[in-house]
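Just below is one structure, and these are the notes that go with it.
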Amino acid sequence: MTTAMSSQTGAQGGPGEFAGLTPELLVDVLYKLKLCRYFDERMESLYRQGRLPGAIYSGRGQEGTHVGAAFALQHDDSLFVTHRDLSAQLTKGLELKRVMAQFWGRIDGYTRGRDGNSHIGDWQGNKTFTVVSMLPDSYPVAVGAALAYKRKREPNIALAICGDGSTSNGRWHEAINVSAIHQLPVVWVVNNNGYAYSTPNELEFKVATIAERAAAYGIPGVRVDGANVLEVYEATAKAVAKARTGGGPTLIESVALRWRGHAGHDAAKYVPKETLEDYQQNKDPVQRFERLLLDKNVVDQQQVDDLQARIEREFTEGYDFAQASPLPEAGDVVRGLYAEDGYWSSEPGRAGGTG
Amino acid sequence: MSQTAKQVEAGAAGHGAEPRGKRTDAGEATYLVAIAEAIWEEMERDERVYLLGEDIGVYGGAFKVTEGFIERFGTERVMDTPICEETIMGMAVGSAMEGMRPIAEVQYADFIANGFDELVNVAGKYHYRSGVPLPMVVRGPSGGGVRASSFHSQNPEPWFAHTPGLKVLCPAFPSDAKGLLKSAIRDDNPTIFFEHKWIYRRIKEIVPEELDFTVPIGSANVRREGSDISIVTYGAMVHKALDAAAELEHKGVSVEVVDLRTITPLDTETILRSIEKTSRALVLYESHRFLGVGAEVAATIAEDAFQHLDAPVMRLAPPNVPVPFSPALEDAFLPDVADIEQAVDRLAAW
Amino acid sequence: MANVVMPQLGETVLEGTVVRWLKQEGERITLDEPLFEISTDKVDTEVPSPAEGVLERILVAEGQTVPVGTELAIVGTGESAAGEALSEEVPRMAAPAESATEVPAIPAAPAAPVASAPLGTSAAAEVPTPPPAPAVPESVSDDAGTEAGERLPDRGPRSAILSPVVRRLAREHDVDLARVRGTGPGGRITRHDVEGAIVVGNVPPDGESAALSAPEAAPAIAAEPPPVAQAPPSAVTPVASVSTPAAPSSNEPAVTRPEAPVVANEDEEVQPLSHLRRAIAGHMLQSTQTAARAWTLVEVDMERIVRLRERVKEAFAAREGFKLTYMPFVTRATNEALLEFPMVNAELRGQDLILRRHVHMGIAVSIDGGLIVPVVRNGDEMNLVGLARAIDDLATRARGKQLQPDEVHGSTFSITNPGAYGSLSSLPIINQPNSAILSFDAIEKRPVVVDDAIAIRHRVYLSMSWDHRVIDGAMATLFLTRVKEHLETWDWDEDLDHG
């Protein structure tokens, strides 16, 4: 880790000690961080126990980017993420139990069983794009949403998250370029976790940082420490405000290692052990934020424990909900392809059994 | 947004600069003019409709379909983009998600390959997975016969016909082009509209001027009635089939010509009804013979009209090579009237 | 080893067609297990195996028609019981099987099939011309042992190809494909061929009506002079104008059978009969050979109807989109009379008379290359306008060749209208299996005596050919008189007002 990943990150804090967030909101951020961490860990356990079908794409270690960025959005702002960024969707407001129903292919999942795991989205409710595997397919789509806000004179913005791997793809360039040309209300976030699957930054791009590429598009680029949720939040909030007021896009590079492999089957042996240990011990965004709030007396240990208990309870409830939710009806497999067949505007059949 | 229908004088043909031509005094419109009228009228009708693509604004489009549009509708609704097909498609998706009704143009249908992923992996699957409608249209000039060789002559409709969730339209006549394009713009699904460039200025007819004239998507049309053999085809090949049918009539062979108009969703009912009548099917298409649109049509006939067949289903389509340039080669590549007559003869003699 | 031969199912049957082999070469078969399907003039049936064993060879391919007694296959030695079964079965099969027991393949010179067949009946003995052209059985004998598909010189392997639509239509309309000659390449039967067979009605719908066309009657009919010698001159006059072919007089019209090549003189031209033409020929001949035909003529005063028609025809055409002809008037009057005289509307089926509660009126329509008789179903329930519409529709579609097979079957009586072409009077051939046919000829102004004064009136000759097996002269005359009364006295305005 000698290039992009290891460079200096910004200092903690900002305007006000906590980036202008109230204690209430700070606790909410902590709750989201801990929820996402717990969810990620527990789902991996279930996956390894053979109790979870399909695949998992852990975002552990990147919660600072996910929560920090998504927390800066209003309800009507739209969020376009990858399968690594489920934590951002949970932060945006997706219900844990419906997310879990999705993982088990149930009818109450956000895609009604048409997709699995973190290939999820809730456009109708929380304005999140239903994840597409190819990356960064959501970047051009975010340009379109941002274009719509501008054309319709709506104050919303679009925020898209991808990883460093996506930045090598032509679409990434195309999308940022067009958004810059037309000063569209969009925020581009790249979580640089050091690896495109197994390929390190050195083999992904020649420049030292991703953020500095922004100059080539004529837009601001900033680099933040993904381990510091407040730093991510603050930079994003600033970019969101700029976009919302007609200032055009901003590129944010948030540096945070992915602790786990690309997917549940990947042991990530390509990540040096020392690097991983360094991140886990010194750059854990969840631990670091919890410690900060405890140190600054924003929360006490009892509150933290209560939060943890609430999260575990919610997970259990979500799990039970998911198991009880019926599978989709097999006969519906051909429905919902086109808008006019009414499948998505009607209540889904619930006679699929629970397998 | 309110979409008050405004009076349009003779559609798009009634405005400003029109090097693409306008309707004749008799009310005839070329295929190209009919397409321009459809877009113009729908833009007048619905403010959510906007255009994006390469060189469509100031320049008026590579084929001048949108000439004069930017003067009428402005740069916001006639958006010149960089050369970025993937993002053009993605923008169409994203803005459609937000309730707009984009019409994206690819300069040649061949270039749609550059935007393939957003259409196939995002647009086609999106509603099925999310319930979010994507009212978007992608237009592109397709087809050969104009000496434009392998990057400007392709028929990419099978690529998209094979993708669930997209609708694929290939009209052959000005009225159908206008009516289908208007239907596509009003449709809530991602629709790929292939305009055959060989037809653009060759074929004209009286085209309805009613603002609400549409042709339903998913409906084939028996363009010529006959009793001996059905030619099931679409696009430019419809015109070749009709020419051949006229020739064959002199030889005492009565040919029915079924114009698919829509590739997906395929109107199998009309196809099968024709086969029930004639018992012999020649499936004629311009996309490559191997796994082309006609391969599916042929399979459908074989599977669902078996009991009505008096001869094997026959296909006539270009070989599986890129569209060549040299007139000698392209003429050999594309089915022509003589090829069709020969195929019909073989089928009739079976 | 047992030889499988073409059985004689019915004493007058001379040949049969192998429709389908139910076993393939090399397959085992037990005694009496169905081995193949045949189609003959009398009956279509499965034939059980005469022995247990292995089907060693198939000698006659599917689709081939061969004389009774022809060897069709060899069932090889199986269990010991087979020989026993064989000796029991063979005599009934009327085949020279005894001598074949030890012969490895085909007997070198099987007895001439026809001659050796036990055709003991006098009818068969009197068959005036030799049954099927000798080329066929001879070639079978000569070619024995070669590929089965090459047997018939006229019909190559393609003639055995039955396309899906041909199979379906044949099944749905009980068409015996063995009787349909293929006009496609290599003799393949096309959809068009089957439809021709269906439409013209050459195909007996079942075994009973096949019996009606049985050859027993042939010698007697053949001895008569040609029945339609005085037929009207115009070839387009339907039904009545078919002149009798030079009676080939076998049980089925020769037109369905392969024939020796026709030799034409220099000033002649050979034009093969179309399928339609062949079917008409067969149908007409069959009728003359079946019915005991008699003929009655009446004259009708059409003055009222002519004037009525003059008065309403323009309004009618404007309203209905087609011209009002005289056919609906005659049909209406005939329908009514048929309800009163059910025997005229009846059919002789075997030894029974079939009476009907409805009239399904066959209307002869002249079309390119022949004629066709579409049927106005339940015409007795229609008034004048309804009949006019139905007749116009059927005639129009008949000329456009758009009739459905169902629409040309099931008539109970028929009317032909050669008068449209100017004939004064005609002698129509009965449309089998009807019992009578009415001919409606040209309406002319003629001087007639009315109230002891000579007047000029529109008159027409109505005549009827009728089957004396069913109807007698008195009834035929009363029936015609009733039609005449209706035509001369009815108040048609009511019908026209309730169109």
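Should a chain be cited, it is by its letter among A, B and C, assigned in written order, with residues numbered from 1 in that chain.
As a working rule, a contact is a pair of C-beta atoms (placed from the backbone, for glycine too) under 8 Å apart; a residue touches a chain by one contact, two chains touch by 3 or more.
Just so it is clear, the structure is predicted and the values come from calculations on it, not from any experiment.
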Which label fits the chain touch graph of this model best, line, ring, star, complete or other?
line
Comparison of B-C and A-B by number of C-beta pairs in contact, larger one
A-B
CA centroid of chain A to CA centroid of chain C, Å:
82
How many Å are there between the centre of chain B and the centre of chain C, using C-alpha atoms for each centre?
51
What is the distance, in whole Å, between the centres of chain A and chain B, each centre taken as the mean of its C-alpha atoms?
40
Please list all residues of chain C that touch 2 or more other chains.
none
Quick one: which residues in chain B touch 2 or more of the other chains?
none
Which residues of chain A are in contact with two or more other chains?
none
For a test of understanding, state which residues of chain B touch chain C in their complex under the given definition.
227, 279, 306-311, 349-350
Note: in the complex, chain C contacts chain B through residues 163-168, 184-185, 188, 190-191, 401-402
Per the contact definition, I'd like the list of chain A residues that touch chain B in the complex.
78, 110-112, 114-115, 119, 121, 123-124, 129-130, 132-134, 137, 139-149, 151-152, 158, 170-171, 174-175, 177-178, 181, 336-340, 343-345
Residues of chain B that touch chain A when the two form their complex:
1, 50, 76, 79, 81-82, 84, 86-100, 102, 117-118, 121-122, 125-135, 164-165, 167, 187-189, 265
